[in-house]
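In the two complexes that follow, chain A is the common piece, with chain B as its partner first and chain C second.
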Partner chain A sequence: MSILEICQWLQDTEIGTAIRESVWWFPIIEGTHVLALALSVGTLLVMDLRLTGLVMKDRRVSEISKQIVPWSMAGFFVMFVTGSLLFWCQAVKAYGSLYFRIKVVALLLAGLNALFFELRTRRGISAWDSDPVPPLRARLAGFAGMLLWACVIAAGRTMAYNF
Partner chain B sequence: MRPFFEWCDQTAVGEAIRDSRFIFPIAESIHLLALTVLLGSVVVLSLRLLGGGLRSQSIPDVARTLAPLTLGGLLTMLGTGALLFCSEAMKCYENPPFWFKMEALGLAILFHYTFVRSTTRSEEAAASRVRTAVAAVGSLLLWFGVGAGGRAIGFY
Partner chain C sequence: MRVQLLTVLAVAGALSIPALAHHSFAAEFDQNDKVDVVGTVVKVEWQNPHAHFSLSVKDAAGKATVWDFETGSPNALARRGVTRNSIKEGETLHVQGYRAKDHSFLASAATVTFPDGHSAFAGTAGDGGPGK
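Our next item is the complex of A and B:
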C-alpha cells in the first residue's frame, strides 16, 4: 500500500468518517487543538525566553525549566491526541497539503532541537545555570525553538487554505 | 450598529484584503501566533495564582514578567483582528459567535486590567486565597471564552 492508500483507508475507517461527518466532534476537537496552543507552546515560550536571557534573568534556568516544562508536556499531549484525531478524519487532504508537510518537518526539527538541548547543551548547565544571559548555544536553542514553533503554528493554520 | 458594520465592510482596507489571496491567511496566522503569546501568559499567571507553575517566584514577580507578553499579544490580536473584521464585517454582523466573542473580549480586558492587576500588584493583595482563585478562574474562563468564540465564527 502506498502512503496515499493508507491515508485513504484511515479516513474511511468508522472513526475517521464519524468525526468528519459529525456536527459537534470536529469543531470541538479542532477548537481544543487551537486553544491548547496556550498550554503547550504558550508555556514553552516562557522557558525559551529565559534560555535566550530575555526574562527572569535573576532565576536559574533549571528552576524555570522544572516548573514550566511539565505543563508544556501536558499541553503537547493534548495537541498530539487532538491533532491525531484531526489527521485521522482528513488524512488524504493533509497528505496532499504542502503546508501539512512543512508543519511536520518543522515539528520534527523542533523535536530534534529539544532533544539536542536535553542530551548535549543541558549536560553542562551547572556552569551557566545562574547566568542572566546563558551561553550562545543555549540562546540558539531558545531562538530556534520559538522560530520553529511559530512555523508549526503558521503552517498549521495555512493548511485550511488551498494555494 | 448596522451602518458601522457596513462602513467597515466597504473600507479600502476591507476591500484590499478581500481582493488579495494572501493578506487574510497571513493576518490569520499572526492572529494565532499572538493568541499563543496572550493565552500562554494568561495560563502561566493563572497557574501561579492557583499555586502551580512558577511557584518559586512571588505572584507580583510572575505578573511583572508576563505583563509585556499579555499586552503585546493583546495589541497584536486587536490589530490583526481589526483587519480580519474589516474584510468580512457583514458576515460578522450575522454571526452569533462573533457577538459572543466581542462581549467576552470586553469583559476579559476589563477583568484583567482591573481585578487581576490589583490582585497581582502586591504580596498583600495576593495573600487572599479566595481573591487569587477568583482572578485565575475568571481569567481562564473569559480569555478561553474569547478564543472558543473566535474559533466558532468560522464554524457557524
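Our next item is the complex of A and C:
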C-alpha cells in the first residue's frame, strides 16, 4: 500500500467522509485549530522573546517557562488533534500539497529545536537563568523557534488557499 | 530600544504575510471573465472547504465541454438554502460565474438557477469575489 493509497483509504473512512461533507464539523474543527494556534504559538512567542533577551529581562527564564509553556503545550495538543482531523478528511489533497509538506518539515524542525533546547541548552540554565540576555545558544533557540513557527503558519495558510 | 522595536516589527511582518494574501477569489478567478452556461450536472462533490459540481455544456455544434464549478462551503450554501440534495446529477442548471485565471474549464459559481426557476448565490461570500 502506497502512502497515497493510505491517504485515500483514510479520507474514505466514515469519520473522514463525515467531516469532509459536514455543514458544521469542518468549520468548528478548523476554527478550533486556529484558536489553539493562537494559544500555543502566542504563548510560545513570549518564551522565545525572553530567550532572545528582548522582553521581561528582569524575570528569570525558568520562571517564565514554568508559567507559559504549559499553555503552549495545551494549545499544541488541541492544535494537533484538530489538525489531524482536518488531515483525516482531506488526506489526498494534503499529501499532494507542496505547502503541506513544507509545513510538516518546518514543524519537525521546530520540534527538534525545542527538544535540543530541553535536553542540552536548558541543562546549564542555572548559570544564565537571571541574565537579561541569555547566551548565544539560547538566543538562537528562541530565534529559530519564532522563524520555524512563522514558516509553519505561512505554509499552513497558503496550503488552505489551494484547497 | 531601537533593536527591540525593529524585532517586534520584523516578527509582526513575518506573521502578517498570510494575512496579506487573503484573497482566494482574486487569486484563482478573474471577475472580468464571466461564464454564463446551461448544462447537465455530471458530478457533485459536496465537500469542505469548497463544494464542486461539474456541468456538461454543449456548444452550437453539439460538442460537449465539462465545466468544473467551485462554490462556497457546505455551511455557506446551507445558509442560503442549498443542501447536498439541491444539486442532482442529470439535472439541467443555468450557471453564471467567473472563470479561473489559468483559463481552464474551472469557474467560481455565482448564481445557479435550478430547473424550477429559483436561483441561489453559490459563490464564496466575503472572499473578495464580485457581488451576489
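Convention: the second predicted complex is superposed on the first by the 161 of 163 C-alpha atoms of A that agree within 3 Å, B and C clash if a C-alpha of one lies under 4 Å from a C-alpha of the other, contacts with A are read in each partner's own complex, and residues count from 1 in each chain.
Please note the rule applied: a contact is a pair of C-beta atoms (placed from the backbone, for glycine too) under 8 Å apart; a residue touches a chain by one contact, two chains touch by 3 or more.
In this text, all values refer to a predicted model and were calculated from it rather than measured experimentally.
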* Could you look at A:Leu39 and tell me whether it touches chain B, chain C, both or neither (first, second, both, neither)? => first
* Asked: A:Phe116 contacts which: chain B (first), chain C (second), both, neither?
  -> neither
* Go through the superposed model and pick first if A:Arg20 touches only chain B, second if only chain C, both, or neither. => second
* To do: Would you sort A:Trp128 into first (chain B), second (chain C), both or neither based on which partner it touches?
  => neither
* To do: Using the superposition on chain A described above, determine whether A:Tyr95 touches chain B (first), chain C (second), both, or neither.
  => neither
* Asked: Touching A:Arg59 in the superposition: chain B (first), chain C (second), both, neither?
  -> first
* **Which of chain B and chain C A:Tyr161 touches, first, second, both or neither** => both
* Counting only touches as set out at the top, which of chain B and chain C does A:Ile68 meet: first, second, both, neither? -> first
* Asked: What is the shared patch of chain A, the residues that chain B and chain C both contact?
  -> 27, 30, 45, 55, 150, 153-154, 157-158, 161, 163
* chain C-touching residues of chain A, taken from the complex the two chains share -> 19-24, 26-27, 30, 45, 52, 54-55, 89-90, 146-147, 150, 153-154, 157-158, 160-161, 163
* Structure fact -> chain A residues touching chain B in their complex are 27, 30-31, 34-35, 37-39, 41-43, 45-46, 55-56, 59, 63-64, 67-68, 71, 149-150, 153-154, 157-158, 161, 163
* In the complex with chain A, residue positions of chain B that touch it -> 21, 25, 28-29, 32-33, 35-37, 39-44, 47, 52-57, 65-66, 69, 144, 147-148, 151-152, 155
* To do: Would you mind writing out the residues of chain C in touch with chain A in their complex?
  => 4, 7-8, 11, 14-15, 17-18, 21, 24, 27, 46-50, 73-75, 78, 84
